[in-house]
Amino acid sequence: MNLEQARVEENRLLAADHRRMVLHAPAIAASAGAGQFVHLRAHDSFHPLLRRPLSVARCDRTAGTLVLIYRVLGEGTARLADRRPGDGIDVLGPLGRGFRLAPGLTPLLVAGGVGVAPLISLAEECVRMGRAVEVVAGARTASLLVGEADLRELGVECCSATDDGSRGYRGPVTGLLGGRLDGRALYAAGPAGMLRQVQQLAGATPAQLCIEAAMACGVGACRGCACRARGGGYRLVCTEGPVFDSHEVTYDG
Amino acid sequence: MNLEQARVEENRLLAADHRRMVLHAPAIAASAGAGQFVHLRAHDSFHPLLRRPLSVARCDRTAGTLVLIYRVLGEGTARLADRRPGDGIDVLGPLGRGFRLAPGLTPLLVAGGVGVAPLISLAEECVRMGRAVEVVAGARTASLLVGEADLRELGVECCSATDDGSRGYRGPVTGLLGGRLDGRALYAAGPAGMLRQVQQLAGATPAQLCIEAAMACGVGACRGCACRARGGGYRLVCTEGPVFDSHEVTYDG
Amino acid sequence: MADLAVNLAGIRLRNPVLAASGTFGYGREYAAVVPLDQIGGVITKGTSLEAWTGNPPPRTVETAAGMLNAIGLENPGLKHLVEADLPWLASQGATVVVNVVGRTVDEYVAVAEALDARPAVAGLELNVSCPNVDKGGMAFGVHPESAYALVRAVRKRTRLPLLVKLTPNVTDIVRIAEQVRDAGADGLSAVNTLVGMAIDIHCRRPVLGNATGGLSGPAIKPVALAAVWRLARVGLPILGGGGISFWQDAVEFLMAGATAVAVGTATFVRPRAMLEIAQGMEEYLKCQGIERITDLVGAANPGARTG
Amino acid sequence: MADLAVNLAGIRLRNPVLAASGTFGYGREYAAVVPLDQIGGVITKGTSLEAWTGNPPPRTVETAAGMLNAIGLENPGLKHLVEADLPWLASQGATVVVNVVGRTVDEYVAVAEALDARPAVAGLELNVSCPNVDKGGMAFGVHPESAYALVRAVRKRTRLPLLVKLTPNVTDIVRIAEQVRDAGADGLSAVNTLVGMAIDIHCRRPVLGNATGGLSGPAIKPVALAAVWRLARVGLPILGGGGISFWQDAVEFLMAGATAVAVGTATFVRPRAMLEIAQGMEEYLKCQGIERITDLVGAANPGARTG
């Protein structure tokens, strides 16, 4: 874990309200793994007060850079969107427990919306290791399939689904999973509704879910980012996650 | 009183921490008088929360513009300094009771530091009316005599004083008043210590002081900007001032 | 068009957004930019029997997302209100609630009684919660017994709708509210400012002339909302407020159990905030297909008895 | 070099800047970026006899210049603290104050007693002010009698320096503090969070799983400072805190009467905030030609008995 004054190298619009930021943050890039995240201070003022967690979408150790892909939702991400190349930005990371590749099974990555970000880093790792990888990605409409360019750059094929049918399958991305789970391990990131469906569809197929929660500290100190553990009790998303084995967590209760 | 979305036309550095802003605000410019002020919203966020009062330094009714000259002190003025030409800015004004020119007497304007701002507008009014006007201005050092250029543009001569002697008289600007009060009326703006001295030196010479106070509403609604009235009780700086007859107010108590 | 009208404890309001006491003077100050017949109502500056001079300056200081004030209830007194302000407010079509203060029970009663028969006054808001005066103010509002006695005495002398403005600076605001209810109040106003202070480290003394002051603005919204949430079980209609800046904030207060809201500090920042809030609420109702704003009251609060 | 060392109620601190309970875990979490032997001390997460599971999510939400939390005192319990955390903290050279919680007086006493003879523990902070649990927590801290009884019982079983952490959610914090003093506490810790809430207007329910939570951060600084200001007359040393972000804030608390300060939410925002604050204080002392930080204690407060 490092606290680094990173430099913004790029911060460009990918699609409506979606951006791609490249940060020069060599200390963090040196150790970030797939599915880990950084905790950013979007600006200097008291409002919004807290840092914002964003997944590492790509990591280039040689160049010392990180790529973040984010959706502008509220004030924090809006402040982030204001940052220009050359600006400094205070970054804590890498944080959390990332994906663990299951040996022997082909990784099938299931992305919903901007949830594609952590899965790009997993695809990148697979490519680095020379492992086959399959990706299905969903979004509301074609232009919001914001991971495509990075995946293409990695040479990874992606099967798409859109709510409005403007690209690929018309319907939820989970509609692409039917009959495709044999010999696969699932790695999913996206909205809670989608993750819950992946959890249900997975059955005996090993699945890992990248989960979100509001975070204060991001390092396990405040116990604020609890999610429900299957069988009772809670898990901390920031240190025990954000990537959980599907059977560890539950969306019920 | 108008609430106007003004456009920043200029916002340039005059000297260390001192800036000159030109606003296109035709409704306010149409009625602003010498010594009145505007109440500005420096930015959109919650911190700092309140508006900031700044004197109208110049007012061009034909062009619909106002000039503000301000010192960057804390967060509010720092946010103001960030504004670029073309930006919108929310301005309430004109506010307060400005200078009242005493008939028959030559106006002698006494400026301390950035207190020169409201006095420039008074000089401008004198010029407009074809009246003679004298100005003495003080600052810590020559570069901080930030009103000089505007006064020169108005064709008004200015006698200077600096704490370090780098321009004109070495010492407080009030040191320039000795033996100069006959047939004059004093109009002063600057730090509290200077105004108190003007008050003492004025004697029988009519004097008006432009006073500062922390302001919430700026329009007389909150009663927050009280200053002490001579003889007890309080006066509101935002509506009964900011320009008071010297004998109305006191710095004691 | 969605219906924004509400009846707050017998006070009929064209919309549920009122100007909070002490932040809108007597209506005149902002009238050039806020038409008084377009907001729910004007709650006047706290008004006493005789004029009060207020506290020594400085009287305000900014804090993180908030401000402290220690005005000390400076006001020109009842006579001025009745002769100069009420007729003017009536001429503007304003719905007027008079915020009443006093140093003794008798002073409160005298002001209330004098306003009783005035058609220009739609209701009274009894201020038992000002943190900035030695006598009266909050002193009445922190003890259940004194709150009860004061409200009872005023209640006997006025038929005007009577709101009591509570302080959050207490251990159990519900207990105070219950006393106030039992003493005959028609509604609750919650909340007044939190006691706070700031120190000038260069001068080594408090910034405010009165040392401590009342904290208002966005900073206190969570505290005010929690107070309204708890008060909703008391069974009196509530005028909610504290830190409301945008229509979303106002909707939070309604859903917690408030029937209407008071907006204060936000007006200093954005003089037309009240108008924007009322308009935002109206658009929200339309989008959501809600016919009456009153349908939102207590909508998020299972314990509410006010919805 | 200016001297930042202070003695807080018998706890010797290398500088007066401590990590506030619940915001710094057990020291491990931030240790990679905050060397534990460079801050005044670590106050642990509230620790109970057995492990507690805490409240359902969401547990935090951001507010204007602040945040609400309703963690519900999730903690792994006394045994884990003693076996896993204390030895590690000692190895890091940390000065450790254990924040103690319980559902009953006996539970508090049991934890205090178990820690009494441990050299790794420099002092105890009795948490009678957590707003986020049903039993224990704030329930003990809002009534003078129960506060007295609890402190008295704990005092009998420990010789460790005993701070009592007070809640600002009371009518008269000084009265509670006097009881706590008379019961044998060595110092006061002020303040814990303010009760607050936020409502999700889309879902029409409270944002937090526990409905209400505790407000912390810059928003509450004025309230916390006013509490310290008033408590300074009680005559016990004070650990001040609530909304401290920068060294200037810390100096305000010292001048109000605090001997040391606790920094919480600011650490989430700027993990090295405590180090920056201690360094800022040191530079300030140098510039002002002040030799000892203790010279500032109560400097702005004529009523202080702690300076």
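So that you can tell them apart, the chains are marked A, B, C and D in the order they are listed, and the count of residues begins at 1 in each.
The rule is simple: a contact is a pair of C-beta atoms (placed from the backbone, for glycine too) under 8 Å apart; a residue touches a chain by one contact, two chains touch by 3 or more.
Note that this is a predicted model, so its numbers are computed, not measured.
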Going only through chains that touch each other, what is the minimum step count from chain A to chain D?
-> 1
Check: interface with higher C-beta contact count, B-C vs A-C, is B-C
Taking each chain's centre as the mean of its Cα atoms, which chain lies farthest from chain C?
-> A
In angstrom, rounded to a whole number, how far apart do the mean CA points of chain B and chain C lie?
-> 35
Taking each chain's centre as its mean C-alpha position, how far apart are chain B and chain D in Å?
-> 46
Give, as an integer number of Å, the spacing between the C-alpha centres of chain D and chain C.
-> 34
Can you list the chain B residues in contact with two or more other chains?
-> 46-47
Residues of chain D engaged with two or more neighbouring chains = 64-66, 217-218
What topology does the chain touch graph have (line, ring, star, complete, other)?
-> complete
Provide the residue numbers of chain C that touch chain A in the complex, in ascending order.
-> 64-65
Which positions of chain D touch chain A when the two form their complex?
-> 22-25, 29-30, 32-33, 45, 53-62, 64-67, 69, 71, 74, 217-218, 245, 265, 267-272
If you look only at chain B, which of its residues touch chain D in the complex?
-> 46-47
State the interface residues of chain C toward chain D in the complex, per the touch definition above.
-> 63-66, 68, 142-143, 169-172, 194-201, 204-206, 211-213, 215, 217-223, 225-226, 229, 243, 248, 251-252, 255-256, 299-300
Mind listing the chain B positions that touch chain C in their complex?
-> 1-3, 41, 46-51, 90, 92, 213-228, 232-234, 239, 253
